[in-house]
Amino acid sequence: MRLRLRQLIVLLLFSQLAPALPAAAEEKAIVVASTTSTQDSGLFNFILPMFKAKTGIDVRVIAQGTGQALDTGRRGDADVVFVHAKPQEEKFVADGFGVKRFAVMYNDFVLIGPKSDPAKIKGGNDVVAALQAISKTEAPFVSRGDKSGTHAAELALWKEANLDPANTKPAWYREIGQGMGAALNTAGAMGAYVLSDRGTWISFKNKGELAIVVEGDRRLFNQYGVILVNPAKHPSVKKDLGQAFIDWLVSGEGQEAIRAYKIDGQQLFFPNAGEG
Amino acid sequence: MTALELIWSGDARLFQIVGLSLFVTLSATVLAAGVGMPLGALLALSRFPGRHALIVLVNGAMGLPPVVVGLVVFLLLSRSGPLGELGILFTPQAMIIAQAILIAPIIAALTRQVIEDLWAEYRDELTAMDVAGARRVVALLWDARFSLITTLLAGFGRAAAEVGAVMIVGGNIDGFTRVMTTTIALETSKGNLPLAIGLGLVLIAVILAVNTLAWAARGWSERHVG
Amino acid sequence: MRDRSNPLPIEFQDVAYAAGNTPILNAISLAISAGPPTLLLGPNGSGKTTLLKLAMGLLTPVAGRILYASDAEVARRRCAFVFQKPVMLRRSAARNIAFALKAAARAPEAATIERLLQAVGLGGVAERPARRLSGGEQQRLALARALARDPAVLFLDEPTASLDPAATKSVEDIIVRTAARGVKIVMATHDLGQARRLAGNVVLLANGGIVEQGAATTFFQAPATAMAKQFLAGELIL
């Protein structure tokens, strides 16, 4: 093979890299750090094309646990943070990493369990009592254990039940350090209870022997907030494009788009901008 | 929808994901070869204090955990990190860099072995012809090209199969940095196990296709250029 | 400007060589001067190959020194070597020659390559992969590669040892023509007939030392030492 031909091929391959490299800053795109449960619910696939059609802005969603998403915002690797852990979000703004928190929508958590129901809690609407029953009967329970919004909600509920399995680490409490889908898979395989957001549960395709055992308790409501990462801390943040996204989410149009998203005919998210 | 249905219907997203996977991994292989092959050849041909320690290090680096490589590259490319100015975190470019770092040691270590073996055969002739330095390295690498194809395929395979590095530095962004392996991980976590397995088979088929093409190219070249 | 200094005469002064703990050559003193071909004779293991490699600079003496009329670097450039089992580069015959030309800092022009191939009778196989040539053809290509360096001295290590009579004759013809052009030939062989045909001078090696050396005619017709006589009679047992 002639030397020139070889060089040409290498050049061709590298030229694939070149066009994508420079214009990252000028692209009409933002990075939004959100959570795996929101991503898995399919909400973004539904509402983002509407936003793009209206503004031409590409929204690139990085789906992580809440803790990691906020960390991504702190580092300046995302332009907007969109999670569901109000205390952590308020701290994020108070610490100067975010500009302002806007409430967007809420969904709810449900307690999932095996059909065999060893703790005998099925059909109840008191999640705290249910958790106490699980602890008493030492029925297996899967925790996400990953600093996510769901994990934070789960820990808050154990606290209300005057229990602390995350620290006492009894054998029936299984921390897996992974996302909602993985937690449901594991719970199904182990015949264990698990706290899940309704959205992920509805679209979860591997339900097996699992079913909802407790729902409707007000303490299971899950509030979402959206925050622009502070450009004073990270000048590279695309503040105009990011703010455009936030403005759309809380506007009539965005809220209606959220309301319109359904799985199996069920609405998952309840828009409540200005309230939560 | 099963994976077969996706392929049959020419699903645009599936093809985009496969295309991106090939682009990232092939680019990473070329980049790693550009660094790893000369390095391996130099290791084979030079003698310097600490050479054996360096060889052990390079061999050991073949076992670098992908997720660790991903984490290190993430910290380097983050806006809060030393190379944040580049702004390439969560882009395919970051994925290419991470994978290239991951497989460069494999390519270097295997190249070193191939060139060392070849040098034993070529030493007298090349020395008699006054061939040294860069010319010597290029001549040996070129003559070893058939063995080195296997080295490249080893690097390619390792990169094509990994998920840890590309997940962390790419962010698995739908339509932008989502590749075959991260898609499989995602579908598994969503409980779409049949789809995940189907995609796994597609990935294996793509890797086999690349290997087949490479092997055919090698055969053709051997017959016509010798 | 191409350097035309000639490395000849090459002088060995009390040169010794050992491979690890095994001595191969002891106290060799020898002068290789311009003129007709010098042939190295001797039983297997007598050190012929080692002596050639020392002269070429591929090996370093363990004792003694080797002196060149020009400085060592120039000497390297004006010497070429043909190995008993030459290594063909994985490319065409023509590109093998181009490679040798470039390594010798000469322009790899098509005309030069063509001429070199014709000189060794390989004009018709320029584009064939070198590894697919026959044994004799590969040996001739190795010769062409060596001649591409435009050497003042050409070392050959038993170049026809593995060739059939026809191929042997082709190679010998090329060597004779090369010698006639003024290139000094230094060649090892175990073929007495070949030595008789080609030699101008003979050096007989045995037991790591020089047994006898001198003009070929003298050596073959009136050998001075008993060992030489035994060797010529095929009765040299060590």
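As written, the chain order gives the labels A, B and C, with residue 1 at the start of each chain.
Heads up, the rule we're going with is that a residue touches a chain if its C-beta (ideal position, glycine included) is under 8 Å from a C-beta of that chain, and two chains touch if they have at least 3 such contacts.
Owing to the predicted nature of the structure, the values given are computational and were not obtained by experimental measurement.
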item: Interchain contact steps from chain B to chain C (minimum; 1 if touching); value: 1
item: Chain at the geometric heart of the assembly (C-alpha centres); value: B
item: Chain centre separation (chain B, chain C; CA means) in Å; value: 46
item: Centroid distance [mean C-alpha coordinates] between chain B and chain A, Å; value: 33
item: Cα-centroid distance, chain A relative to chain C, in whole angstrom; value: 78
item: Residues of chain C whose C-beta touches two or more other chains; value: none
item: Junction residues of chain A - those touching two or more other chains; value: none
item: Where chain B touches two or more other chains, by residue; value: 225
item: Of all residues in chain B, those that touch chain C in their complex; value: 121-122, 124-125, 127-131, 135, 139, 142-143, 145-146, 225-226
item: Sites on chain B touched by chain A in the complex; value: 23, 26-27, 30, 34, 78-81, 84, 87-93, 96, 171-174, 176, 188-193, 221, 225
item: Complex contact set, residues of chain A against chain B; value: 1, 10, 13-14, 16-17, 20-21, 24-25, 31, 36, 40, 44-45, 60-63, 74-77, 178-182, 184-185, 200, 203-207, 234, 236
item: Interface residues, chain C side, partner chain B - complex; value: 53, 56, 58, 76-77, 80-81, 83, 86-87, 89-92, 99-100, 102-104, 128-132, 145, 149
